[in-house]
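Here come two complexes built around chain A, the first alongside chain B, the second alongside chain C.
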Partner chain A sequence: MKRYVLGRLIRSIISVCFVLSITIVMVYTMIPREKIFQTDTSLGKYKGDALVNYKYNIWKDLGYLDFVQPSGICAVSENYNSCVNGGADFKDLVADYETRGYTYVPYENGVTGFVTRDYPAYELIWNFFSNLIEVDNPWAVQDAENEELQRSYYITTGSNGMPAVACSGCKHKYQLYIDSNFPFIHQNVISLDFGLSYPTFNGLETMDVINDGQGQVVQIEQTFPSGVTQRSALNQYTCEYKQTSTLDHLDTQKFTDNYANCKNYMESPSMVGTSYLFGIIALIIAYVIALPAGVTMARHKDRWQDKLGIVYVNFMIAVPSLAFIYFAKWIGRLFQMPEKFPELGFGDVKSYILPLIILALLSTSSLIIWMRRYMIDQSNSDYVKFARAKGLSEKEIFNKHILKNAIIPIVNGIPQSVILCISGSVITESVFAIPGMGKMLPDSIKALNNRMVITLTFIFTALAVISLLVGDLLMTVVDPRIQLTAKKGGK
Partner chain B sequence: MTTMDDRFTFVKVDETASEHISAPKYSYWQSVFRRFFSSKVAIVMLVIATIVILTSFIQPLFSGYDPMNMPYINQRDMWFIRPNATYWFGTDNVGNSLFDAVWFGTRNSLIVALSATAITNILGVIVGMIWGYSKKIDTVMLEIYNVIINIPFMLLVMVMMYVLGRGIPQLIFALSCTSWLGTAYFIRVQVMIIRDREYNLASQCLGTPLHRVLTHNILPYLISVIVTSIARDVPNFISYEVFLSFIGIGLTTESSSLGYLIQTYSPFMTSASYLFWIPVAFSALISVSLYIVGQTLADASDPRTHMV
Partner chain C sequence: MEDNKNNIILSAKDVVVKFKVRERTLTAIRRVSFDFPEGKVVAIVGESGSGKSVFTKTFTGMLDINGRIDSGEILFEGQDLAKFKTEKEWLTIRGKKIATVFQDPMTSLNPVRTIGYQIAEVIIKHQGKSKEEAKKEAISLMERVGIYDAERRYDEYPFQYSGGMRQRIVIAIALACHPKILICDEPTTALDVTIQAQIIHLIKDLSKEYGFTTIYITHDLGVVANVADIVAVMYGGQIIEYGNVEEIFYNPKHPYTWGLLSSLPQLGEKGHELFAIRGTPPSLFEEIKGDAFAPRSDYAMKIDFEEEPPFFKVSDTHFAKTWLLDPRAPKVDPPETIQNLHEKMVAITAKGGIYGER
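The block that comes next holds the complex of A and B.
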């Protein structure tokens, strides 16, 4: 069993890496790179060589290519000034670059130029994976002006009075802490770095775009390490190291150390949080509707309950989900429900009702049909005949004997549904303009936000892989008869 | 004795009688059609589906509708005409007839859905039959399947469309490039069930070559399974196409589809609701009719339902 899980895990990781590699190569090589500037408004500010530099710098940031400007080429030169103006050194250094596979592109001014090299596919993949996982450690911070910086871990109490593991010398002050938000214990040791988002959410890291709160900042009363108590939006648990040269008097007023670069508390949940909130509630509604419905249909097979259920299921499968969503929205309007989520926002219960009902109903059809199938399959088995022979009532047989066995395959799907809630429902979120992760994917595709597409691909695929594995494992827990390692027959 | 014999007469021995088989005449396809046409709902849906499919392929040839061509764009009185005798479905925000636009869109949606279904099922059945039959291929294919099946389908289609660009061939490719694996896996399981049955083992003992085993022993058993798979795929692909075009990464103006129409007209949902609801109703109508026809056909093609 352990061997099986390990094998499965390795396969899952390979599968994620494989998908990601293909996506990276396709996104970076098949989409014309000029296209990413389509929605960049700051492009109009530049002309001539400045424009060329701007574009190449963006491509370099996004990991398309390596790009060295004259200042970079001449950095190793002894007489820098003559080199930057196209002196003899310059030509030698450029020739040196050219032997390493770079191409020389002259500027419009005709004096100098720059060298550039496109990354081949394997280098794109290597660059991505080598930068992906970032482990915070006490030697992470380099600050020339703060020589006495301690480099150690220590236990302290956080801003909310709970114990926390903090670190001096790490990028993040708090490495491990507890607060009232799900999942209650948080860590800053390992972080995933997918690079910067561009052109939408410009300047932010893609993970931060997805994970950070949205909307307005919220100020709460809190005490800072220096003893000052004031209303502030800063979330002290997110504080990162700030270089001594950039510290200002506001920072020194609140903090006793260099960890002053904090994120703000926001009024609305993050994109992941929003999708998760919707997903979980909708999931509960779906199971509450679908399981009793499936059981009822199986119990009254070929009678009106069953026929009605089959009509419903067929309707849900056949009608395009978009048509169904709009139909439901139209009905919702008769009850004065808002058309889009942002109309009333996070604060109003009304904005949740319609999307939740639609999300739940969309997933009921398959649940109902499988529940009914499993129940009916089980109802022909010997133990049911035996129970009937013992004189048990139909109700008892169905609710106590058959349900227990029929629920096993359903259990297999639960982790999948729970984990996939995070990725949200692309369709419903798009139609209702819910600021969640599901809507993010089509949005970033339309905005040609390559980094974001890759980030979301990673998250969605990783979640799907994990959920399948957890589902299978859970099934063996529920029913010990099931063995995942069993050899199948056949030729 | 003689009185008894009077009541009997001698009959001539019929030489051919022993040659006849006593079972009633059975034809597979005849039974399928008899079974199919016994359902009234299915007949109605078949008529609707046929009319819609035929009209959507014929009407655009005569209307000469071209979504890139907007002759009435500057004539204000041609905009937003409510459905009437001349313009059955009214006109849209640039004065084009919605009737023409809907049929044109339906045609493109159907082209995408039917092509993707055809590719998925043909490839899926061929690969699935070989996959289910050969142990060597099974180990390789299972690994591939395990990798591919982990990827959320919607994500894959969206990334493919992102990379390949928008258009009908790209959409068909994106929809069918991995979905055939699901069908193939489905078929593989069925083949594995059938291949170890006695009749097939007997047939193999008698030296039937592999291709004949696959086409004559196994394929007939798979027909109802394949029809079920097709009946499920067509509405699914229509739904995907409608959705992708709706969120703006499916088809473009020149190959406008039902999803594209829904997306373009969604701002007029309250002001000119017919513009929005007619394409929505069409997408639902095609899916439902094709789904019900497919389901009934799938039931009818299962030989177990032919016993009277």
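The block that comes next holds the complex of A and C.
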């Protein structure tokens, strides 16, 4: 079992990496790179060589190519000033770059130029994966002005009074901490670095875009390490090291150490959080409706309950989901439900009702039909005939024998639905303008936000693969016949 | 035992069973009357589609949803089972007084429930015992049907059992409520030959110990010869001949029984084709006129196509439904293959097999 899970995990990681590699190569080599500037408004500020430099700098940041300006080329020159003006050994240094595969591009001023080199596919992939996983450690911070910086882990009490593992010398102060948010225990040791988002959400890391809270900052009363108690929006658990040269008096007033670069508490949950909130509640509603409905239909096959259910399922399958959403919205209007989510926002229950009902109902039809089908399949099997011959009543046969068999394939799908809630639902979120994950992928594709596309691809594939594994593990719990073994040719 | 000889435990009178199949009506059982004597082993034989399974299903109300008892009576313990309508009524009989063992043990048990659960469930349900008592009784039943280390195997699942062991469990479940009648619907068809013999012996031993009446449904005449006291031959939805096992095997009267016995593969001679009854069974969608077997019979007379024969008495226990027994009919001898059947069978199976063990 352990060997099997390990094997599955390794295979999962390999397949995720494979998918990511393909995505990276596609995104970086097949989309014209000029197009990423389409929506960049700051492009108009530059002209001539400055524009060229700006573009190449962005391409460099996004990992398309390596780009060295004259100042970089001349950094090794003994005669720097003359070098950057095209004199002295500038030509020799450029020639040196050219032997390493770089191309020389002259500036419009005709005096100097820059060298650049496109990364081939394997280098693109290597660069991505070598920077992907970031492990925080006590030697992560380099600060020349703070040479007495201790480098060690220690146990302390966090701002909410709960114990926490903190670190001096790490990028994050708190490495492990507990708070009231799901999943309650959080870590800052390992983080994934997908790079910066561009052109939308410019300057933010892609992971922060989808993970950080949204809306207005929220101030809460809290005590800082210096003993000061005040209303502040800073979330102390997110604090990162700040270079001594950048510390100001507001920082030193609150903090006794250099960990003063904190994120704010936000009023609304993050994109992931929003989608997950909607997804999970809708999922629960869907299962609560669909499973009993499917069971009832199977038990009363060909009677009115069944026929009514089939009418419903047919309706839900036949009507396009967009049409259904607008139909439900129209009904909701009769009950004074808000048209768009932001009208009343996160604070009002009314904002949630319509989207939740729609999300739930949209997924009921297939659940109902599968549940009914599995139940009926099982009720025609021999063991049911024998159970009947044993003298069990129909109710007992259904509850004790058929249900347990029919639920097995359903159970297999549950982790998938739960985990994939994170990805949100594109149509419903768009119609209601819900700030969730659903719109992120189509939006970032449209905006040519390559880093974001790659981030989302990673998240979705990783979740899909993990949920399949969890589903299979869950199967072993409900079905005694299934044992996961790493044996050759095993089940 | 002698006193029980004429005690009838279950009596079917003029039972007619009809099925509705795609807007057409099929008459699967046509006025069948039969008395099952208490404590005996009755074998019902016949080819596929002759109605043998359907007939016994009427005793437990297990007909498929499109089938119904059209007319007739099934008397059991003073009740007419043919009048039963609700599930509640059937629950007083099914599993409790009349139990059934099905053909395929591989699929008869719920794959995701433990063996112990499936046995104890019946004991709790029908005998109203507590969980612990039921477990105790289930384990002793498992031991009784020949499961070693029953206590440990109580919590195992069907997939951990072999086919023969599963059939033993199925039998244990059927016996869990000490039924009066055990219907074995081809209990050994899905098992290999060595296991077949074991299961047949087990049922035989248990029937003596628990004193239940056994009804075997089979087309394996080897099994019949081995276990049955009384044999009823069914064809086209009717019993066409019945009698003690010796009478049916050594003095069969109906041409269909002759054909059935001649088809025994053991009687085939090397180099000759095996005997097979020609033609196909009659369509039960249409009304059958005369003797249902007449179109396939080598001995059919004109009257066989016109009028249904009554039962002619051969001996006190042996009756056959064929015009050949009418005094006016010409005298015919059964085919040569099945004359002196006993001697032939003994000679053939002398090296082994289940026939000679009786």
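Methods note: the second predicted complex is superposed on the first by the 480 of 491 C-alpha atoms of A that agree within 3 Å, B and C clash if a C-alpha of one lies under 4 Å from a C-alpha of the other, contacts with A are read in each partner's own complex, and residues count from 1 in each chain.
To be clear about the criterion, a contact is a pair of C-beta atoms (placed from the backbone, for glycine too) under 8 Å apart; a residue touches a chain by one contact, two chains touch by 3 or more.
Only a predicted model underlies this, so the values are computations on that prediction, with no experimental measurement involved.
Shared-chain residue A:D479: touches chain C; no touch with chain B. In the superposed pair of complexes, A:G203 makes contact with neither chain B nor chain C. Touched residues of chain A were counted for both chain B and chain C, and B has more of them.
When both complexes are overlaid on chain A, the residue A:P183 reaches neither chain B nor chain C. Of the two partner chains placed by superposition, only chain B is touched by A:K446; chain C is not.
When the two complexes are overlaid on their common chain A, residue A:T23 makes contact with chain B while staying clear of chain C. In the superposition on chain A, contact of A:N405 is made with chain C only, not with chain B. In the superposition on chain A, A:K385 makes contact with chain C only, while chain B stays out of contact range.
When both complexes are overlaid on chain A, the residue A:E394 reaches chain C alone and has no touch with chain B. No residue of chain A is contacted both by chain B in one complex and by chain C in the other.
Interface of chain A with chain C (complex): residues 381-383, 385-394, 396, 400-401, 404-405, 408, 478-481. Contacts from chain B toward chain A in the complex involve residues 133-135, 138, 143, 146-147, 150-152, 154-155, 158-159, 161-164, 192, 195-196, 232, 235, 238-239, 242-243, 246-249, 259, 262, 269, 276, 280-281, 283-284, 287-288, 290-292, 295.
Across the complex, chain A is touched by residues 60, 62, 87, 91, 93-96, 99-100, 102, 104, 107-114, 121-122, 125-126, 157, 159, 170, 173-174, 177 of chain C.
Residues 11-12, 14-16, 18-19, 23, 26-27, 30-31, 314-315, 317-323, 326-327, 420, 423, 426-427, 430, 441-442, 445-446, 453, 456-457, 460-461, 464-465, 468, 489-491 of chain A touch chain B in their complex.
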